[in-house]
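Across the two complexes that follow, chain A remains constant while its partner is chain B and subsequently chain C.
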Partner chain A sequence: MQIMRLIVTGPVGAGKSTFIQSVSEIQVVDTDRRATDATTLSLKHKTTVAFDFGRLQFSPKMALHLYGTPGQARFDFMWDLLICKAHIYMLLVAAHRPHEFRYARRMLSFMQHRSRAPYIVGITHTDKEGAWELEDLPIALGLLDETTRPPLVVVNPRDAESVKRSIVVLIRHFIQQRKDQKAPPRAATAVTIAS
Partner chain B sequence: MINVEKLNNVLQSFVSGTADVQGAAVVTPDGLPLATMLPSGMDDERVAAMSAAILSLGERIGKELVRGLVDRIFVQGDKGYGILTSCGEDAVFLVLAGESAKQGLVMLEIKRTVSELMQLLV
Partner chain C sequence: MAITGYLAEFSLAEIFQFLEQSHKTGLLTIRGGTDRCPSLTQGHYIWFRQGEIVAASHETGGQGLCHLINRRGWLGYRAALRLSESCPPGTPLGLYLKSQNILGADQLKLLFYTQVMQQVCSLFALEDGSFHFNSRVTIPSTELTGLSAPAMEVTLAGLRVLRDWSALADKLPDAHSSLINTTRGRPTLRLKSTEWQIWEFADGHTPIHKIAHRLNLPIEKVRQIAFRLIVVGLMEELPLLGENLSVESTESPQLETLPSVSEPVPQVQENELSHSFLQSLVGFLTGRN
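Right, the complex of A and B next:
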């Protein structure tokens, strides 16, 4: 049995906790506390202060351990703890809150500094008023290079099927990346032998 | 309305009046500082967030592993202690003490200070 750690991250209110609750087979270990800061309160009453934990049997041979990070930057020590153990991760971004795109970019660069794990971007709240078009989002998130850009998927965290589809995209991306990574070292070895 | 000045006074007299206590903070359960008296170089926002994270995990352990309501969380390192005490529904009290601190004394002072703080927080 293979265990994969999937970290779900993103700004406050993107849908991280809901995402995990939708697909977890065990009762989610949550660490919700009543929110007191204005930014969080404008979106919801409760907020994650350590992490959410859920589990999903993805295939007979693979179980996913899902961890959700807190959204606020004051909890960046939790981001650090969680991302360093990640096999794969997903950045969730709400399409209708463009003022958070820059913050999401910051979160992403924090993660990329610490982890080379494959990731995808999940776009949530696409049905809300003021939601950005999908094709405009990569630029807004600073993912300019089309060749290295991770897959973008629309996901509804409340809908278990939608969440599962996004996880499938992430796992496929992971497998693809692993294949790509394996190719160059082999070539390098061949060169060494020849010389 | 919470009297921040009184809150700070209680913290200050606790830190300066208890031997080997290096710092203390009162924070909200979602990790924001209410009042802090911390050693220089420690960021109060970060300390507040860490206190909230460990308390919420501790409470989760209390519940899921049937340890009941959590009174305090105790972190013991070779350089000292970090002690978190629940301070009613709206606050958490964090104390940082050196390794030579007398535990009994610190605990007694924490108990006394928590009851003072609770009166200020209602």
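Right, the complex of A and C next:
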């Protein structure tokens, strides 16, 4: 059985759960795990982490698994488990929530230092009032270098076709990255409308 | 669509970082304030050219610079206004007055410092308020001294003198995060000694609370300095994993392929997936299968 693992990450409200629900052939599993560390255990405090899981089986021996990262701000072992097993990941960012851009930058920083898996940025809620221009978002997310910037995709998490198109962009980026490993680096800037 | 929002959500320091890094030209308008700062409840206007701050004023009539010249006692307001009317279109008023030997280079610098550094630096304390950036505004030459300052340099100066950090409290990096250097080589900005020390700890491993301990500084102080080095593009916050975490239960059927947390987690080998797998998946998603 071949399984590709796609991690969908991003700040709360970016549309991670909806994204997975839109394409998953199974009811999305919202798993709850209790994680404790020595300090919080001694204080009798608990930390709950949760992630979404969806599946897309497209042949008897082939499937795409989708994992949504916990919505909480804390980066813990669950993040590490998800990231280190990921083949690809997508950072979802809501264009109309500038207060989440810094947290998205933190997430990206964390992901990039834990994993070398190819990723793209999915921009959601571009039709909402106060949504930032697409061309401004890479800078706001700290992706300054156009030559190393991942593709940006406009995606509507509620629209299964839009979600599928964004995943196709990600897989093609993954294929390209594999090819590039044998070739000199090249510009990867692209903006795709998947909504 | 525009660049707009609230300072409580996207701070002035972040706005400046964004405008400089995206080389924006236009007018940034800040509105609002708090009861604690009644002088800041009016509108504030900051003009940018290619990401650099070229002028600032509390008014949009284009006479802010004349008022400042008058306040300095270098010219009467009416005289300054008359001269500004004879200023050739497109020429900064400051440079025109210098060409007429009315102001010297040092006076222009002082004027720019008062106009930009003093007026703008006070805005970093704003807790409430909205911002709007309009790139379709013509910069009034009567507000220009002819000098400019990189927005992030103004940020650095503004945050150095900021005493009340409550407006930025939830923006500061976490004490358990580390910092990572984002510059190639040494920073070109002039840093203070404590800033240098913290920058040198930006190794991606040392958490902020340990940096504070090693430098014998309060954690809060290090978080504030780290924030200002982040918003001037010298480093990024890198969250670290929580320590000594363990899973109490692992019931998910979907996690059976994941290793337990006590095992080292291997990075996925991309070669695990065959070309035919990827082609089939793309075909399935695009409806070609």
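The rule is simple: the second predicted complex is superposed on the first by the 154 of 195 C-alpha atoms of A that agree within 3 Å, B and C clash if a C-alpha of one lies under 4 Å from a C-alpha of the other, contacts with A are read in each partner's own complex, and residues count from 1 in each chain.
Heads up, the rule we're going with is that a residue touches a chain if its C-beta (ideal position, glycine included) is under 8 Å from a C-beta of that chain, and two chains touch if they have at least 3 such contacts.
Predicted model, so just to flag it, every value in this text is computed and none were measured.
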Comparison of chain B and chain C by chain A residues contacted: C
Which of chain B and chain C A:Val29 touches, first, second, both or neither: both
A:Met4 touches, of chain B and chain C: first, second, both or neither? second
Touched partner set for A:Phe77, first chain B, second chain C, both or neither: both
Common interface positions of chain A, toward chain B and toward chain C: 29, 31, 33-37, 74-75, 77
Chain B - residues contacting chain A, complex: 28-32, 45-46, 48-50, 52-54, 56-57, 60, 64
In the complex, chain A residues that touch chain B: 29, 31-37, 40, 47, 49-50, 70, 72, 74-75, 77-78
Contacting residues of chain A [partner chain C, same complex]: 2-5, 29, 31, 33-39, 53, 55-56, 58-59, 62, 64-65, 74-77, 79-81, 84-87, 97-99, 101-102, 105-106, 109-110, 113, 115-117, 130-133, 136, 139-140, 142, 144, 164-165, 167-168, 171-172, 174-175, 177-178
Interfacial residue positions of chain C with respect to chain A in the complex: 1-6, 8-10, 14, 18, 21-22, 171, 177, 180, 204, 236-252, 254-255, 257-259, 261, 265-268, 270, 272-274, 277-278, 280-282, 284-286, 289
